[in-house]
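Chain nomenclature is as follows: A, B, C and D, assigned in order of appearance, with residue numbering initiated at 1 for each chain independently.
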Amino acid sequence: PDGRARFDELIAADSRIEPRDWMPAAYRKNLVRQISQHAHSEIIGMQPEANWISRAPSLKRKAILMAKVQDEAGHGLYLYSAAQTLGTPRDEMFQALVDGRARYSSIFNYPTLGWADMGAIGWLVDGAAICNQVPLCRASYGPYARAMVRICKEESFHQRQGFEILLELMHGTPAQRAMAQDAVDRWYAPSLMMFGPPDEESVNSQQSMAWNIKRFSNDDLRQRFVDMLVPQAEALGVTLPDPDLRFDEATGHWAYGELDWHEFQEVLGGRGPCNTQRLAHRRAAFEDGAWVREAAAAYARKQADAAEQAA
Amino acid sequence: PDGRARFDELIAADSRIEPRDWMPAAYRKNLVRQISQHAHSEIIGMQPEANWISRAPSLKRKAILMAKVQDEAGHGLYLYSAAQTLGTPRDEMFQALVDGRARYSSIFNYPTLGWADMGAIGWLVDGAAICNQVPLCRASYGPYARAMVRICKEESFHQRQGFEILLELMHGTPAQRAMAQDAVDRWYAPSLMMFGPPDEESVNSQQSMAWNIKRFSNDDLRQRFVDMLVPQAEALGVTLPDPDLRFDEATGHWAYGELDWHEFQEVLGGRGPCNTQRLAHRRAAFEDGAWVREAAAAYARKQADAAEQAA
Amino acid sequence: TADAAEYALWLGDDALVLAQCLGWWISRGPELEEDMALANIALDLLGHARSLLSHAGTADGRTEDDLAYWRDEREFRCAQLAELPNGDYAHTLVRQLAFAVFQVELYDRLQESSDATLAAIAAKAAKEVAYHREHSTEWFRRLALGTDDSRRRLLTALEHVWPYVGDLFRDEPLLDRLEGVAVRPSTLRAPFDQAMGALAAETGIELPDPDLARGGGRHGIHTEHLGLLLAELQVLARAHPGATW
Amino acid sequence: TADAAEYALWLGDDALVLAQCLGWWISRGPELEEDMALANIALDLLGHARSLLSHAGTADGRTEDDLAYWRDEREFRCAQLAELPNGDYAHTLVRQLAFAVFQVELYDRLQESSDATLAAIAAKAAKEVAYHREHSTEWFRRLALGTDDSRRRLLTALEHVWPYVGDLFRDEPLLDRLEGVAVRPSTLRAPFDQAMGALAAETGIELPDPDLARGGGRHGIHTEHLGLLLAELQVLARAHPGATW
């Protein structure tokens, strides 16, 4: 059977490509890049929140936060598995992360400076992630699409929890309200930039759209996100830190101010607030754990040898 | 000249033995044991107080505490130097400490559970140390006696600072007063045991007295200490945790209750609250610092080689 | 009763402090699966702590958070074993194994408590700690029989941690007043020793003296580690007295 | 003035946070002499912090302790460099070297401040930081030229710490309002670069990009390390509001 023709047919019919199907090398490469980046983001994304587990201000919040960070580890694992079906071993992807050769979402290079950041991350960062990811549940590559379905379900749960944290703070003491506003001030613009550069500067998008991996442009998704945020911000009682934000009657959308793309490029280029720290943290965990992984591998080998001899 | 005769003469005249003088092997051995134990006590004794440097409740108290712990390191260094004049290298003594082969004062195997412990240690532990050490300023071995003079001067300063900490707490809030009493409750009996077992069970004392190293018996020193504490406790307003404490008109001394010598032996035998921790802390510092010491030694060698070649 | 509340506090503080220690590992585990496993165990323990502290608080109207965030070091009742520093993975594993083996026996018996709440908490916890024990036991084998390095690290960890184990089994006077409500710790010693003895024999490991450390956590005498642990646990809640979250 | 107070706070917070970090080493140094040396430096810095915070507080009637113990993370004004974790000895050394070289230049010029108190503090500090620089420089040489391991560790430390150095030299808008009172950080850059360049050349070390990190400490944007550091620093004082010690 002609693999190329069948691939084109499946894409044209908006059907699923599965691991055993023939696919163009560029499609495979593009997916591995995107899925592993996504996995890395989940793994690096554990850190800003893990930073507050020990200090969570109530046991209930501590439990919720722990469970959330654990979910992120789980998402990382699903995604590595999905990427593995394309032939790249997880160890190889993980090593690339640890060596600083792989990308992850820039948003996680910002520090969490207060408890309200747990709310802002849930509401804004997970919110943006969901906008990005819901369309990916229909991505043409089957294992990726299925991983996304599961992840999106949990993410929307996380977003609600973030919203609730902020809501509680906004109903709290003046100090708590100030804390919430401060966190929203710091996380709002970075979360808008999570959708990537404006459409006219986005390089990979066209091909990804043609392959039914990406469904909407960066700017479209960003607009959808802003439109979603405005009423939620009102419900919370927080101010979105954009003096140019206004409802445009003509388009029916909320127009937003210029974003600082220079800052975005800086963070992407390694000059964000926490780039060094995030990588060093993950690398330290990886290196400190080497002896444990070696012990487990050696033990497994010995067990296998013993089983073989017994047989 | 007959070394032995001269040694006996000097001792009989209550004069000083100096490093170059002949001395009996047992005298030398006894001194190395005592001085190095004393040095180790200063070094291990840094830990219970270092534990509160980061949390000292005012910057002034933080500075005083830092300076005090630094003094202890200094005392350790003087004492190792004094012991070195007897022919035992410092590295050898320090290695014995790190390996757990050497003794140090049992008192430092108790934990510091609150800020008031800084006061109680200064008042009680340094107080007991001074009672022990003042007579040592007249010890027959010159370098030891001279080190003791300097140390005693600083220790009495530390004792006053400890007293002041407690005084401030006793004039403070109810919580502060409770904190002070709690610390005194925990440190009082152990500080009395710092003078060692009762005279009838003390093995090394007789010979040390004959050599003019030790001047008073354990029980005599302990009595002197208790007599000193009682009025000071009254001035502070703390209760000494001994229901049997009473003034004995006949002797003119304060009679005190039975001490728990079983506990003393337990701590001495390694079963105190912090024995493992104290040794592990010092060992970790020693091991973690090995590469630094090696670097310094290698650098010094290279510098020396270069200087030699230049000459 | 106040006595039953005190007992619930003991067990609750053990679970809370352990959960706090284990939480540190999340994002720092030797592999992702272990990040998840340790988070799981921490979450279970945190759940036990919440139930036990809530129960303890009913005696005098305090909430789980009142107890977790507004008691000072000397008022905590955890065993010192729970507060020992995480150290390397071997230290954490040994501490966790000892607790898991202890808690399996404890919650097994506590299900028959005449205090219905305690019995219900124990019934739920029993299933979870059985998994904890399995997890720790399996890792104990891996470290003991894996590489020379892992075995050496395991032995070092045992040397540091095991001295605090004996304290778990002391029958404090409180127990005399809780016949039928609480489980006498001393009765758990034999099954604990048997389980650990079997594991030690299987792996050729000699366990150090478990009674070397003084203990005293049930009386509010702790190691120097607890103060710093609580400073971190409580800092935010205490910065905002009266706030809800 | 409030501006001068803010400036004193910047320098005072640098010194306070560094002193707090260095204090950890006391009882943990690689040798006893180094325990003493680091304690000495910490004590000097703590002294500077006390003078500077007292001076900062005069503007609105706060004491050094009000400022040290009762401000939250976002109100602290230290450079992020000061808050970086101690790491191994090489990390501490690199952080300390950068600060010492910076402070030598700073206090040298600050002695001519039109604010007499600042000038006096600077005059006293200048002598002390000269010793700090000497100490750190000598250790930099030892680590750079000592063993392969020490050189490797030094390079790793530089990689982690150096990105935060550039932030020290940013002319924040506040400086425009303090002509003659404060020292413009940018004017210290050349002598700093020269001193460090000479040391780097002598030891054959290539210094990493000092402007990689974002910085922002002067605006209350800190690294994630500061919060935990303050939790420990402030825990006891905050547990007893209004108490004196």
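Criterion: a contact is a pair of C-beta atoms (placed from the backbone, for glycine too) under 8 Å apart; a residue touches a chain by one contact, two chains touch by 3 or more.
Note that the structure is a prediction, hence the values are computed from the model and not measured.
Student: Just how many steps, at minimum, does a route from chain A to chain B need if it may pass only between touching chains?
Tutor: The fewest steps needed to get from chain A to chain B is 2.
Student: Determine the centre-to-centre distance between chain A and chain C, using the mean Cα coordinates as centres, and give it in whole Å.
Tutor: It comes to 34 Å between the two C-alpha centres.
Student: Please work out the Cα centroid separation of chain C and chain D, and write it as a whole number of Å.
Tutor: For chain C versus chain D, the centre distance works out to 40 Å.
Student: Please set out, as single numbers or ranges, the residues of chain C touching at least two other chains.
Tutor: If we look for residues of chain C contacting two or more partner chains, we find 231-232, 235.
Student: Mind pulling the residue numbers of chain B that touch at least two other chains?
Tutor: 55
Student: Given which chains touch which, is the overall layout a line, a ring, a star, complete, or other?
Tutor: Chain contacts: none of line, ring, star or complete; other.
Student: Which pairs of chains touch each other in this structure?
Tutor: A-C, A-D, B-C, B-D, C-D
Student: Sort out for me which residues of chain A touch chain D in the complex.
Tutor: Interface residues on the chain A side: 48, 51, 55, 111-114, 182, 266, 270-277, 280.
Student: Please name which positions on chain C make contact with chain A in the complex.
Tutor: Checking each residue of chain C against chain A gives 16, 20, 23-24, 26-36, 39-40, 42-43, 46-47, 49-50, 53, 64-65, 68-69, 88-89, 141-143, 145-147, 149-150, 153, 232-233, 235-237, 240, 242-245.
Student: Report the residues of chain D in contact with chain A in the complex, numbered from low to high.
Tutor: Residues 73-74, 159-160, 163, 211-214, 216, 221-224, 227, 231 of chain D touch chain A in their complex.
Student: Which of the residues in chain C come into contact with chain D in the complex?
Tutor: Touching chain D from chain C are residues 72, 228, 231-232, 234-235, 238-239.
Student: Can you check the complex and tell me which residues of chain B touch chain D?
Tutor: Touching chain D from chain B are residues 43, 46-47, 50, 53-63, 66-67, 69-70, 73-74, 76-77, 115, 165, 168-169, 172-173, 175-176, 281-282, 284-285, 288-299, 302.
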